[in-house]
Structure formats: structure tokens, C-alpha cells
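Consider the two complexes below, in which chain A is the common component and chain B and chain C are the respective partners.
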Partner chain A sequence: MLYRRAGIRHTRYQDERQLWPLPFDRYLVTAIAVILVAAPFVVSPLYLSSYLLPWIIWSTAALGLNFLMGTAGQIHLGYGAVMAIGAYTSVHLVLSGIPFEIAMVAGGLMSSVIGIAFGAAALRVKGLYLAMATLAMQYIVDFVIMHFPAISGGSLASIAVPRVSFLGIPVVGDIRTYFVALFVCVIVTLFMLNVKRSSFGRALAAVREKDYAAEVIGVSTFKYKLLAFWTSSFIGGVVGAVLAVCYLRSVSPDQFHLELSIQLVAMVIVGGLGSVLGSFFGAALILFAPIILNNAIGTFATNFGIDISSDLRAHVPLMLYGALIIGFLIWEPLGLAKIYNNFRNYLLVWPFRHAQR
Partner chain B sequence: MEVSRRTLLTGAAAAALASSLKIHVVSAQEKVIRFSMPMDFTKIYTFVTAEYSQGQRDYISLINGRGGINGYKIAPDISDHGNDLPRAIEAFERAKSEGAVLIDPLSTPVARALVPRALTDQINMVTAFSGRSDAADGTVFPYVFPLSPNYWTQAALLVDYFRQKDGDLKGKKICFVHIDTPFGKEPLPILEKLSQMLGYELQTFPYTPPGNDQSAIWPQVRRARPDWVVFWGAGVGQTVALTEAIRNGLPMDRLSSSVWLSQSDMDVVGADQAKGVLKFDPCVSGRSPKVIQDILEEVVKPGKGAGPEDKVGTNYYNYGVMIASIIIEGVRKAFEIAPDGPITGPWLNAGLVSIKDFTADGFIPPTTITKEDHQGGGRGRISRWDGQNFVPETDWFSAYQDVVWEEIRKYSEEFAKTGK
Partner chain C sequence: MDWILITELAINGVFVGLMYALVALGIVLIYKTSGLANLAQGALAMMGGYLTWAVASYVGASMWIAIPVAIVLMFLVGAAIEKLALRKMIGQPVIMVIMLTLGLEIMLRGLLPGIFGSAVKRLDIGIPNAPIFFGEFLINRAILIGGTISLVMIVLSLIFFNSRLGVMMRAVSDDQTASWSVGIKVERAIAIAWGLSSAMATVAGVLWGATQGIDWSLSLLLIKALAIAILGGLDSIPGVLIAGVIVGVAESLASGVLDPLVGGGTRDVVASVIILLTLLVKPHGLFGREHIERV
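For the complex of A and B:
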């Protein structure tokens, strides 16, 4: 049902290789694209600026981290620091009068240069040891930002982001900032969708599955591990710049602490390692579950007159949030993307379940 | 019950749908003034939020119970932002869309991040004992209100108290033990400046956040043989600092802290061992003031209190009452200026900046807030722990405000120019 495969005959290689061979998938993507573009004019400013915008930005960041964790199989616990480097670099460059477009790319480059230095640890160590090395990056970057007033912005350690313009359009108001974030998100998404089909993506997959086996068949693990860190850090830096300019509008060191890194790792894992769709699902769950649960408990407490203490009222959402994450991981360890996939696979052959491969 | 994937998914979907219902704290009455009070109840500021918020809510209940102001009820919207920026920004935007005229996030990172938004959206943001110190400059930050002596003033007042005690600080040594974060380093410029002015020697000892291990620092402090020690932190760092100071045998009556020290901390450290330790007090502590008595009589007794009764009158509870009373005074003034509203951010702003010599019946030092000075005059007093209570050592006083304001203007000018 819906996802009809009957009657699709590829006569050219391009048709076979396209991203979405099924017409329904294409309609779905088009529909979502239309919704995302129309959203600012339909939804209220509250939902635009505090739900859609952070969701788009965090999803982009999760995509960048998913590239490293899912596609290349390297763990990174310091992605928040990578974003911090991008954010601070671009904000300082914008302050010194450089256009935002260049500052954003420069932020990405700065992140990738520093990211690759720490990523070099991946050449020697794997798994938990790499996790420790990247964790060290998080703390070192935090420390450096905090202890150099030239970076953090003096003893008050906060820098307000000046007004910028992107490709000639001033980034002010909710709608324009949203489109800037969406623009970056679309580019990163397209890259992520396509990279798996390129020789680069295949080499990374080989490295992910077994690095010395990859080396044996002629894939340079040295080169591709570093390239993976380079690319992922570049995306992280650019997203950091977008985050600072479009969403936070004022950067201070505590915005990029370990919590952000852990949050992003959680998004990638809950969403689904290596899945583009999963990054969006994961970002939505991790970002909004606390807010939604908090509001739900609030509604519950006030509308039904249940007398719960303020301590409990503040902590119940946290407990539910934890339970939700554990629940999802127990019942669907492959992430939220897998839930959608199961659903799709079910419909793909419905009602002939026996035909499922 | 077997939990299948389907039930899990249906449950999650149902929960998501249910939560999209609107929250109505006060039913859709026409005459309400909305305050948004998203605070950190669960992450870092937990040591203060519960008591502070309880004080605020009890004071607002007191005012509402007396019929509100000018027939208007105050509707505080309390929520948890968990010191997490996306959640805090969501709360801010929600407040904006619901027509709130004031927001009190009680968190330094959140307050700093919300400054640009508060300034553009013209929503009054209260940053009591948090946020940027230079926000006291109302000409640069018209919608940011510390409403309380900032950390620079607190440091200056402590130094002046030391001077009063010793007569002269020339050649004396002050050790400053602080958490190694922007918040902990904040008083440094003032302490350094005063050290040049008064001729004392300043030694600083940073400890790594969150400060639950300071055992390496305090022996060094003892070896330095200081005349006075100031310890600057918040939450767990404070009790650890005090415990270490006691263990190292530093004289308690020459040890002082900022506003962040309370009865609850003393229970952790040991009420008797800490006897003599000093702190900065922005308002009267305990249950004796008339405001607290009124709250006990009219709010807590009928069972309308926002939290446990034994917290009423503790330090942080009283801070909450203090800030709420100043805000409500601002509302009163706003009605005097424009009785018919409309109830907006600028309307309340006009009221807040015309508060003059407000004392809340002797509960707080005379507080005057003007368009230029959002700090409220920078008065406070030094209190000493006597084993059961913090008893005032001095009367309300103010000191070195010229030095403090020089610093405030230096940073606010920088903000106006470059946004730093």
C-alpha cells in the first residue's frame, strides 16, 4: 500500500541509482519540503522560533556527528567543543567586519583543523579509548575558551552576536533566521544522503566495519579516518556558527559544555546510527521530550487539580524522559529511524506479508 | 501487561498530543498580569531555586489574596528550564506569545543568553543575583533588572566591612578563593582596584568547578596567613569550601562569602563549627519582618503556601520575597503612572524605574531604581552566623559605588559598542 513498487521499470542507470526510486517516497519528500518552506507563514512565531528553528539546527548538528559515528564508525564525545570553535571563530570574525558567509566557512575550517588534531588519536585508538581522547578535547577547548578573555569576551564571558546578513539578506526576525538555518540543513542533508553512494562513503563504510581489513583491500585508513574527522568537524563548525547567529544570538562558554556533546550523541543513538532520517527524529525527541513532558505535567497538575509538590512536578518529567529513552532503546535498539522503516516495510508489501524479504 | 512496540508508540503519540493542550494557570480572566518564571529546578541551581521560587510565589499569593493590585491579579507561570538554553528560549518565546510582561530566569547562563531577546522584545528580565553585573546600567540595558546588589557591589561591601573592622587595610592580606568560572572570576577587577586604593595584598586561589574537591587549595590558603578570606562559589562548592576552611583551622570570624550561603548550608557543614562565618545579606533574614509574618498569617496558615512551611524565613526564601516585593512595587508604580495600561513590557518598565526608597516595611534596604541605575542603590549588610541564625553585624550600608560604577560603565560601554 502507498509505497507501490509495481510498474516501476528502470531503463537507465541513473533511474536505478536515484535517491528515492519509489514515487511515493518522492511525494513524501516533496510534501515535507513544502511544509518546511511554508511553515514560517503558517505556524505561530512561538512554534517557529522555539521548536522548528532549534530542531533544524540540532538536526544538522546530529547529521554532522552521525557522519562520524554512523558512517565512519568513530565515536566523538566532544562534538559540542567542535561547535564551540566554529561559533566563536565566526562570531569574532563577524565582529571584525568579515561577512557572515565567509565567517561561517572559516568557523567550519577552524573546527576541522582543530578537530583533525584530536581526531588523529583515532589512528591509534578505538572505541572507549577514542571516547576518552575526544572527551579530552571537550575539556581542553572549554578550558581554553574560558581562560582566554580574548576568546570568551572579557570577565563577563558573553558576546552578543551582531546583526549579520546572509547572501545579501539581513538575518533578522524569526522567518529569515529560520530560512538561513534551513538552507544550511538542506545542504548538509543532501551531502549526507549522497555521500554513502560515493567512493568516499564506501571507503568509510569499509573502515567502519574493520579498519585493517579495509587497509588490506587498499583503502587507506590513515587518510579516511582523518577525512572523516575533517568533514564531520567542518559540518560541526558551520552548525556552531549557525547556532550562534540564528538561535543563541549571544555566545558564552557554558552553552557548549559536555551536556551539548552528550545531547548530540543521544540524538544520534536514539535516532539511529548512520541514518539521515534518524538524526531528525532523534533531535526532535531529545530536544522536545523534556519541554513537552514538562508542559504536559503542568497541564495535568493544574487542570485536574492534582496537588503535587513543586519538587516532584519538576522531576517527574525527567523521570519520564529517562524512561522514554530507555524504552525506545529496549524496544527499538536500532533507533527511531528503524521504527519508520518497519512501518514502511510493512506497507511496502501489504497485504502480502509473506512476500516480505 | 505486555508492552509491545505498538502500545509504546501509541502511548508516546498520545502523550505528545495531550501535551499540546494549552496551559492555563489562571483561568482566562480578563484582569491578569502575567509573569513568566522559568527557573532551574533540576540541574545546577537546585540549591536555591526551590526556596527562592517558594518565596516569590508566597508573596504573590499574599498580594492576590488581598485582591491583587488595582483589581488585577498576578499570574506567575512557573516552569523548569533545567539551565538548558533551548528550553529557556522556548519559555521566553512562550512568555512573549502569552503576553507576559516580565521574566525571571534565575540563572546566569540563561540570563546572559536572553539579554538580546529581552532588549528587542521589550520584556523586563529580572536577573537578581545572576546574569551580567553591568546590567545595572539601565541606559544600555533598559529591560534588564538586577534589582539587587551585583557581585561587584557585594565584593566592595565586604572589603569595606574589613576596613571598618581593622581600621586600615594597608599591608593586610586578603585571600580570594573562588570557583574557576566566569562567575567566580567576576569580582576580581573590583578586588584588584580596591587593593590598589586601600593597599592590601590580594591573593587568589581558583578551584576547578563544580568544586566538590578543594582539599588542595585550602592548605595553601592557610599557609598564606591571610587577614581575611573571601570564598566565592555557589551550591556544593560553598559547603565544601567552608568544611575545608574549618578543617584547616582558619578563623571563622575572618571568613566571608557572597549572598550564596544559607541556613541549609550550615546544616551540612555543622552549625556549631561554622559559628562566626560572615556573609553578605541583601535583605533581613528570618521570620521577624512584617512581610514574612503576613505571609505566615495570610498564605501559609490557610494552607495556600507554595512549599514546606519550615522553609519560610530561610535566606533564599527571603531573597524570593525581596525580589517579588520589588517587582510588585514596580507594578504599583506602573498603575500610578498609567492606570489604564495597556499592560505591556514598557508599561511595567516605566513603573520599575520609578521605584523610590522602597523598603517593604523595613524588610529590605531603601531601594531606588532609576532609568540609569537598575541595581537599586547597592545597599546591603554583613551578617554573622551565630550557630542558629545569621545576625546582622552592620546596618544597611553602601561603599565604593564610584569604583563599582566605573567598572559597570566600562563593560556596558563595551557591550553597547561590540556586544561583548
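For the complex of A and C:
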């Protein structure tokens, strides 16, 4: 049903290698693209700036982290710090009069240079130790940003982001900032979709599956791990810049603490390691589930006259992130993307279940 | 340089470091038996502190009853975590299991302040506030007692690893399949390791709760415990002892000497720097076995 494979015959190899070989998938992607482009003109500005915009930005960040965790199989617990480096670098460059386009890329480069420095220290060892090193990176970057007034303007200060223009269009108002974020998101998504089909992506897959084996067949493990770190940190830095300019509009150190890193890791795991679609699902669930649950608890409490302390409600997001991470790891380690995939596979051959591969 | 101040900082640092080492001991214990790093150790310490406070204030028990009750409860909690969550992850990549313990840490950090309220709880275990003077040096009494108790616990766990159960656990850490074949119950050994490390986390939680009060910030002990565990070598108990003293002194000196120069906050970053330096110079730590895979 819907996703019909019957009657679709590929007569050329490139037909079969395209991103979405099934017509229905193509229709779906087109529909989503149309919805995303039309959304700012339909949805009220409140929803646009408080739901859609953060979803787009956090999804892009989750994609960058997913590249490292899913595609390359390396763990990173300090992605918030990477984004902070990108955000602060680009904001300072914009303040000194450099155009936003260049500042954004420079922020990404700065992130990847610093990220690779920490990565190189940790990539000699792996797994557990990499987790520790990236966790240490988070704390050290936090400390440096907070305690060097030249970067943060003091530990409690926040730096307002000036008006910028992106590709000649001034970034003002909800609709334009939304399109800037969407533009970056689309580019990162296209990169993620296509990287798996390139030699780079295949080398990363080899390193992820078994590093000895990769080394034996001539894939330099260290080089590709570093490249994965570099690319992922670059995306992180660019997203940090977008986050600062389009969403936060004034940067302060506490916006990039460990909480952000944990949120992103939760998005990647809940969404599905290595899945592009999963990053979007994960970002949506992690961003909105606490809000929805909090509202539900609120209505429940008022309707049934039960007094629920504000402490409890304030801690709902943390509980939920933890519970979601644990639950998905135990029951569905490949995340929401796998659930969607199961559903799609079911429909693909419906009603002939025995034909399922 | 004021040598009296520095010596005093160093002495206090030794005892604070011993108190950190108690948290690290739990991480080492779990790593020794199951080869996993438990990123929830800080949250378990926090949970132990909260449970002690809850038993004492809701039931009205005295501290001498509340602490053992909390330790027993936490032993069960630790064993339950192993049985319900960790055992299902056997055979999964290490990265997944690390994420699971991180998820546990996040959940506990939300759950406990959510249930018991996020205001700082005072835990009075009967240590007077007045500092002790040794000649010219001033030492915080709570830290002195806490450090001594930690030292005793660490020595006890050294002795424990020579007992029958301890030998069993060492066998499990060497080779799970081999210990299975000689009739050791591997699952039970790992569950006991989790229980024991949760119990130790409780002691650490109570000691830290007595010095700084109980709130979510107790879970920040994790990063210091990790620094100690990595510096000492993840599978070495004497390493915990020595690395604990090193980290404690380094932190105390950094906060005393460097803080005035950079404007505070160095205390929290020392542990991270130590982690990075250890990984750069000697990734298996001071006393750890050199079996880290390098690629």
C-alpha cells in the first residue's frame, strides 16, 4: 500500500542508485519540502519562531552529531562546546564587520580546528576514553569561554548579535531567519544523504564496523576518524553560528553547557544512529515531548485537583531525556527511524506479508 | 608565596581527594568486573544522599539507622539496574552501554530533585563545624572525617578483592567465558559489583551531603571521579587511592593559587585537564593494565 514497489522497473543503473528509487518516497519528500517552504506564510509567527525554527536548527545540529556518532561510529559528549566555539567565533567576526556568510564558515573552521585538536588527543584510544575526552572538552571549552572576557565579555555577560544579511538579504523578521536556517539545514541534509554513497562515506562505514579490518583493506583509520571529527565539528560550528544569529540573537556561555550536548546526544539516539530522517524525528521528539508532557501534567493537575509541585514539573525534561535514552537503547537501539522503516516495510508489501524480506 | 596557606590547601586537598576517590572506587569496581564505565556513578551518589535524607526525615530515623538502610536500599537499586537495564545490553557495542549509563545519570538527576524538591537538603551526621588546628594549619573537620572514612573504605575494598567473592570477581574481569566454564556465576558477580558500587556511592553521597548539602550538584562528582579513575588506571584500586590524592591536591592548589589570577572557577576544570593529559601521555593511567586497544 502507498509505497508500491510493484511495476517499477529500473532499466539503468543510475535509476536504481538514486536517493529515492520509489516514486512515493519522492512524492513524500516533495510534499515535505513544499510544506516547509510554505509554512512561514501559513503558520502563525508564534509557532514559527518557537516550534518550527528551533526544530530546524536542532535537527541540523543533530545531523552533524549523527554524522560522527552514526556514520563514523565515534562518540562525542561535547557537541555543545563545538557549537559554542562556532557561535562565539562568528558573532565576534560579525561584530568586527565581516559579512555573515564568511563569519559562519569561519566559525565552522574554528570549531573544526579546535575539535580536531581534542579529537586527535582522544583518537589514539577509543570508545570509553573518547567519551571521557569529549566530556573533558565540554568542561574546558565552557571554562575558557566563561573566564576569558575577550570571548564572552565576562562570566555573566551576553553579547547581542547585530543585524546581519545573508546572501544579500537582510536577516530580519521571523520569516527570513527561518529561511536562512532552512537553507543551512537543506545543505547539511543533502550532504548527509549523499556522503554515504561516496568513497568517504564508505571508508567511514568500514572504520565504524571494524577498525582493524578497515586498516587491513587499506583505509587509514586515524585519517578517516580525524576527517569525521573535522567534518562533524565544522557542521557543529556552522549550526552554532546559525543558532546564535537566527534563534538566540544574543549569546551567553550558559546556552552551550553540557545540557545542550546531552540534548543532542539524546536526539541522535532516540532518532536513530546513522539515519538522516531519524535526526529530524529525534529533534522533534526531544524538543517537544517535554513541553507536551508538561502541559499534559498541568491539565491533569488542574482537572483532578492534584497538587503537583513546580519542582517536579521543572525536572520533567531531564527525566524524559533519560528515560527516552534508556528505553530506546534497550528496546529499539536504532531509534525512531527504525520504527518508521518497519512501518514502511510493512506497507511496502501489504497485504502480502510473506513477501517481506 | 605563602607556604603555610599552600600546605594547608594541600592537606585539605588530600582529604577532599580521598572523598572523591570513594566515588571513583565505584567506577573502578564496575569496570574491573564488567569492563564498562559507569557514567551514572555521580547520580548514584546523589541518589544515596537523597535516600538517606528521605529515610531520616520522612521516617524520623536517626542517622545511625538511616545510613545503613540507605546503603542496603542502594545495593538493591544497583543490582536492579544491572538486572533490568545493563544485562539486556550484553553484546551491544560499548558506545551503546556508555550511552545507557549516561541516560541513567540524566534520568536520576531529574527524578530525585523532582520528587524530593530541588532545594538544598541539610544532612547532619553529627560532625561539628569547628575546624581542627594542627599547629598553624587549619583543617575542615567534615573533610578530615570524610577523607578518613573514604580511606578505610578503599582499604577495605582492597581486602575484599582477596576474599572468596573478590577472587570470583577478579576471575570474571579476566575472562567472562572462562569463569563461566569453571562454575562462577558471572551474572551474579556483575550484579554484586553494581550493588557494591552503589553502596559505596551512598557512603560518598552521605559524606559529601554532610559537607555541602544534598542537591543535584552532587552528581557533578562524576567528572572528578572519572578523572581519578582514568589517572589511576580504570582497573586499579591502589591507583584510585593515589590518583585521588593527586586530583584533590591539584584541585585545591589550583583553586587557591590560580583562582585569583583568572577570576575563579579553576576548581571545576582541573579534573577535565587531568583527563585530557592522562589520555595524551599515558592512556591506561598510572597503574592500569596496558590492554587498551590502539588503532
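In the analysis below, the second predicted complex is superposed on the first by the 321 of 357 C-alpha atoms of A that agree within 3 Å, B and C clash if a C-alpha of one lies under 4 Å from a C-alpha of the other, contacts with A are read in each partner's own complex, and residues count from 1 in each chain.
We adopt the following convention: a contact is a pair of C-beta atoms (placed from the backbone, for glycine too) under 8 Å apart; a residue touches a chain by one contact, two chains touch by 3 or more.
Quick caveat: nothing in here was measured; it's all calculated off a predicted structure.
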First, second, both or neither for A:160, with chain B first and chain C second: first
Partner chain in contact with A:322 - chain B first, chain C second, else both or neither: second
First, second, both or neither for A:314, with chain B first and chain C second: both
Contacts of A:95 with chain B and chain C, given as first, second, both or neither: first
Partner chain in contact with A:212 - chain B first, chain C second, else both or neither: second
Touching partner for A:262 - first (chain B), second (chain C), both, neither: second
Contacts of A:8 with chain B and chain C, given as first, second, both or neither: neither
Partner chain in contact with A:248 - chain B first, chain C second, else both or neither: first
Contacts of A:54 with chain B and chain C, given as first, second, both or neither: first
Touching both chain C and chain B, counted on chain A across the two superposed complexes: 146, 155, 309, 311, 314-315, 317-318, 324
Chain B to chain A touching residues, read off their complex: 3, 5, 8-9, 12, 15-16, 18-25, 41-42, 50, 53-54, 78-80, 82, 84-87, 89-90, 92-94, 96-97, 109, 112-113, 115-117, 132-134, 180-182, 185-186, 188-189, 306-307, 411, 414-415, 418-420
Residue ranges of chain C in contact with chain A within the complex: 36-37, 39, 85, 88-89, 92-96, 98-100, 102-111, 113-115, 117-119, 223, 226, 230, 234, 262-266, 268-269, 271-273, 275-276, 279-280, 283, 292-295
Complex interface listing, chain A residues touching chain C: 69, 73, 75, 77, 118, 121-122, 124-129, 131-133, 135-140, 143, 146-147, 155, 211-212, 215, 221-222, 262, 265-266, 269, 309, 311-312, 314-326, 329-330, 333
For the chain A and chain B complex, residues of the former touching the latter: 44-46, 49-51, 54, 58, 95, 146, 152-162, 247-250, 252-255, 259, 287, 290-296, 298-299, 302-303, 309-311, 314-315, 317-318, 324, 327-328, 331-332, 339
